[in-house]
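Both complexes below contain chain A, partnered by chain B and then by chain C.
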Partner chain A sequence: MISSFINHKIFTLLKVQYSNMLEYRVEIALWAISGIIPFFMLNIWTNNNLNESINISDVMLSRYFLCAFFVRQFSVVWVVFSFEEDSLMGKVSPYLIQPLNPFFRYFAQHLAEQITRFPFALIIAFFFFIFNPESIWIPNIGILFLSTISTFLSFLIQFLIQSIVACLCFWTEKASSIERLLFIPTLFLSGLLAPVVSFPSYVKSWIYLTPFPYLIDFPANLLSGNPINVSGGLFMQILWILLLFPIFKKIWFAGTKKYTAMGS
Partner chain B sequence: MEKNIIDVRNLSKSFDITSKEPGLKGTIKHFFRRQTKSLKVIKNISFEIKEGEIVGFLGANGAGKTTILKILCGLIYPSEGSILVSGYLPFRRKENFLKKITLIMGQKQQLIWDLPPIESFYLNASIYDLDKFEAKKRIKKLSEMLEIDEELFIPVRKLSLGQRMKSELLAALIHEPNILFLDEPTLGLDINAQRNLRKFLQKYNKETNATICLTSHYMKDITSLCKRVICVHNGTISYDGELDLLLRKLSPVKEILIVCRSEEDVIKLENSGFSVKNKNKNEITIKIENNSITSSLKTILNNFDIEDLYINEPPVDEIIGKILIKKDYDL
Partner chain C sequence: MVRRNKEIYCYGIMNLTKYLKVYTKFLHTSLASELEYKTNILIDLITAILSLIGSIFLLSIFFQNSGSIGGWDFEQALIIQGIYTILNGITNTWFNPNLTEIVKHIREGTLDFVLLKPIDSQFFISLKKIAPSGFLEIILGFCLLLYCIRINQINLNTSFLTLSFITIVCSIGILYSLWFFISTTTIWFIKTWNATEVLRSFLYIGRFPLNSFSFSLRVFFSIFIPIAFITTIPSEVILGLSQLWKIFLEVVVAAVFLFTSRKFWVFALKFYSSASS
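Here is the complex of A and B:
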């Protein structure tokens, strides 16, 4: 039953959304380029020898930021903005009376966009290696497999967090403002600007209790080969998904009761 | 006897709305303390609709027609009352219920803007669990009925409004729903496109015995599709019954323009007890009650030298307009 659902509905959704995304290939290339914050951060870290304070070599640090770039490319989520626009314009109404939760559409849209992004991300990585040849490495299959799973789990966590925020559109018209508020801890605590290991230990212990380090820091460290507690990290990612999913379901059901179908 | 497919009892719906006074003072007040009040938009209405019926919902803007359709299709929750559509409580949005209905809103689209409609059709087909073969068969059948063929492969953004509306219909009907909720489906379409759409809906209703609930501000949609109308005024039902009966009630007289061969006949007609609207040389317009039209015409034709005669039906728009603007119209 579930496998036929995934095969039939999700696969068709993915196929259609991929065709749709290919219509925007130039935009996607630009979005991919716009995700190069980790490279700027790498530059700041290495130019100021900040890595010495946390005992990470230049090579390992550059691999970390390249991996952070990759993880970010495949876990970036914008569902709150799409859902907010669709619900304000009344576009959600036709989706709500179809036998498929509208969030599957957004989910497929994100996956399709990631597939479209993949070649552009590879090109950027290629140029990164040209300028940083010492950073070239080939992760083993096992690590590659685990970090792919971990990146997907990171995407799921972010998708669920944003979907919960998106559901607030049923109560407030500008749910994206809440997302903007969430962006601040995401930016600082996820490992996008600095590896979480660089934080003071008393702060670190608190950070690891939040979902943020499992968004970028954990999968990026895993992929780059830095020493890390793999099973503990994967366990925390799954735990956050298991915690967030029922919240999403509950807020979704409560929200659809409040839905007024405005704009349609 | 046809069974009821829609059963609505004492339905009410309220919305919470915020109000704001004009000006800077009002804006600041609104920022710190929102004034919210509950507005009852549907007030204790009841009606039934039989399987295969086409029912038109008439009413002015804001009367509550669209809200009724949205409640019937499960899009919004009712505040009070009970509703059964095809045996289901619509607001629970059970999969089997959703597979039986469709909602088409003239001003909204569900097709993917940058892709040809065929992609959206196959997507909808998979959402409604149709296999590829069945989807292909239905797309072929519906595209023939709607007379769209080449348009299936052209990106939606490049289609005309009429072609887009036809594609929207196809996307909404691919799962062969037996209850159609149509909210102003001909909005913005040219006369030919409107006519074609009406023809299609008639054909669909005839072939599938689908029930159709329709709102439209184009009276032609209502008169050519609906035998029964439900007039909604300020959230209440002011009339529920046959359209013909409503028109007869609201316009009990017909105007007859009579062209006589001589002016004497015009004077004779004027003095023979008919209600005269106006006269001009050898032409006279009289008003005759609907129930005496045959006998009156017989008398006129037998007693006067008539060159020509025209029976003017009062314009439906004008008659219906009366119910839409007058709050306490006696129906």
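Here is the complex of A and C:
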């Protein structure tokens, strides 16, 4: 009974948000295009033969960057910006009255956006293959399944981190600047611009203890077929989720207690 | 005839003082409102520093096993980083806060109020706001540039300073035109917030020397989105490598961009039909 009720809720939320997102398809297409930085980076790597020193062939590197593009497309999170706007506009109050944590709403929004984004990402990949026909490959079902899971886990880690930052809106009006600060290490250390293998050893020694390489580098390596410790990576992703979730819960309860609706 | 010229001249001066006066008011109001969020400014400072460290880190990865990229040494490529940081600071201080506001003006129909004011609408819309945190980035960029000038042993003289000043001013002009051009398209498409995001990601390429890309991308980034002109040519000028015709070309490109973006704005305004009408 309860489970069907929850199912119903999730399904309705997703349906509503999907039709909402379809309205913004041009925006989402543009957003997908703005994620093509990995391809420019690939161009620098192969054009200057920089990949020879890290023992990755041109083909494998191009697959890596294509996968990095895909993983990034399906793990983009913007919950802090939505929540900040809603809390500044006073929209959070009605959400709080509903018997549903408002973050479920944002979560459904993100999932719906990913579904809308999927065809555009495929089109971009299609163009990528036209320019790089030698890098076409078909990953087997098992790899595809595992990398989908790890991409989703990467999305969950980022969603949790951003939700924690978003909860800071209860204390300060502008939490998005903290998110912009956190985005910098994510950008440079996650493997979006350069695979983690290429990092100097003084960075490699500690980076695998942080969540960053599991956001893009790990799922992208998995999907592109580069050598990677699969179980270890998945374990670390789950570990980070288990670590972050209680923090989010705590800060959410503390925040809602602190919350005084706009203008009071 | 002489009298008329004199009149126009006086009118021009008066106009200029009026605009200067208005601009100081803009500065005052937007600084006052921004300084309310003091911790934000501090966080933005840390973000700017980390972002610079991150891009130098990325550059050092590229140079880890190779002496030069596209004919640029590490020390020379740092100059591009410096110029990029300055231009990015300018974007964050002036272009970004103002031109994203255009979207809001058009969606909510408040552009009406701007158009009714006895002042040039492009001036008002482009300079109304200011985000002081971008200043820190500009200062950071200049520090990096000074450091580069030292390690590359460049002697400063007047012709060098004027040429680099001219090219950087032209870069700012091109950058502004690009931003303004995209924001203007909002008049037709209402929501182009993400189009500026596309531009931002393309501009990211400006952190690297243009020669490090393949030929087709180089052509794309010199003709369609003239990133080559924005960071590479000023850096070449600073290094003393640039030929005179390139500088001349940059001035022409900047003039053409500024002129067309102005014309495009005037043209677009003809299609503006306020909100809900």
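Keep this in mind: the second predicted complex is superposed on the first by the 257 of 264 C-alpha atoms of A that agree within 3 Å, B and C clash if a C-alpha of one lies under 4 Å from a C-alpha of the other, contacts with A are read in each partner's own complex, and residues count from 1 in each chain.
We take it that a residue touches a chain if its C-beta (ideal position, glycine included) is under 8 Å from a C-beta of that chain, and two chains touch if they have at least 3 such contacts.
For clarity, every value in this text was computed on a predicted model and none was experimentally measured.
Asker: Could you tell me if A:K174 is touching chain B, chain C, both of them or neither one (first, second, both, neither)?
Answerer: Once the two structures are laid over each other on A, A:K174 reaches chain C alone.
Asker: Classify the contacts of A:E134 with the two partner chains as first (chain B alone), second (chain C alone), both, or neither.
Answerer: So A:E134 meets neither chain B nor chain C here.
Asker: So in the superposed three-chain picture, is A:E85 touching just chain B, just chain C, both, or none of them (first/second/both/neither)?
Answerer: neither
Asker: When both complexes are superposed, which of chain B and chain C contacts more residues belonging to chain A?
Answerer: Of chain B and chain C, C contacts more residues of chain A.
Asker: For A:N48, is the partner it touches chain B (first), chain C (second), both, or none of the two (neither)?
Answerer: A:N48 contacts chain C only, not chain B.
Asker: Under the stated touch criterion, which partner chain does A:I37 make contact with: chain B (first), chain C (second), both, or neither?
Answerer: second
Asker: For chain A, which residues belong to both interfaces, chain B and chain C?
Answerer: 24
Asker: For chain A, which residues count as touching chain C in their complex?
Answerer: 24, 26-28, 30-31, 33-37, 40, 43-44, 47-50, 52-54, 172-174, 177-178, 180-181, 184-185, 187-188, 193-194, 198-200, 203
Asker: What residues of chain B sit close enough to touch chain A in their complex?
Answerer: 15, 70, 73-77, 91, 93, 95, 98-99, 101-103, 105, 107-108, 110, 112, 114-115, 119-120, 122-124, 126-129, 172
Asker: Going by the contact rule set out above, which residues of chain A touch chain B in the complex?
Answerer: Contact set of chain A toward chain B: 8-9, 12-13, 16, 19-20, 23-24, 90-91, 93-100, 256-257, 259-261, 264.
Asker: Name, in rising order, each residue of chain C that touches chain A in their complex.
Answerer: 37, 39-40, 43-44, 46-47, 50-51, 54-55, 57-58, 60-62, 64-66, 69-70, 189, 191-195, 197-198, 200-201, 204-205, 208, 212-214, 217
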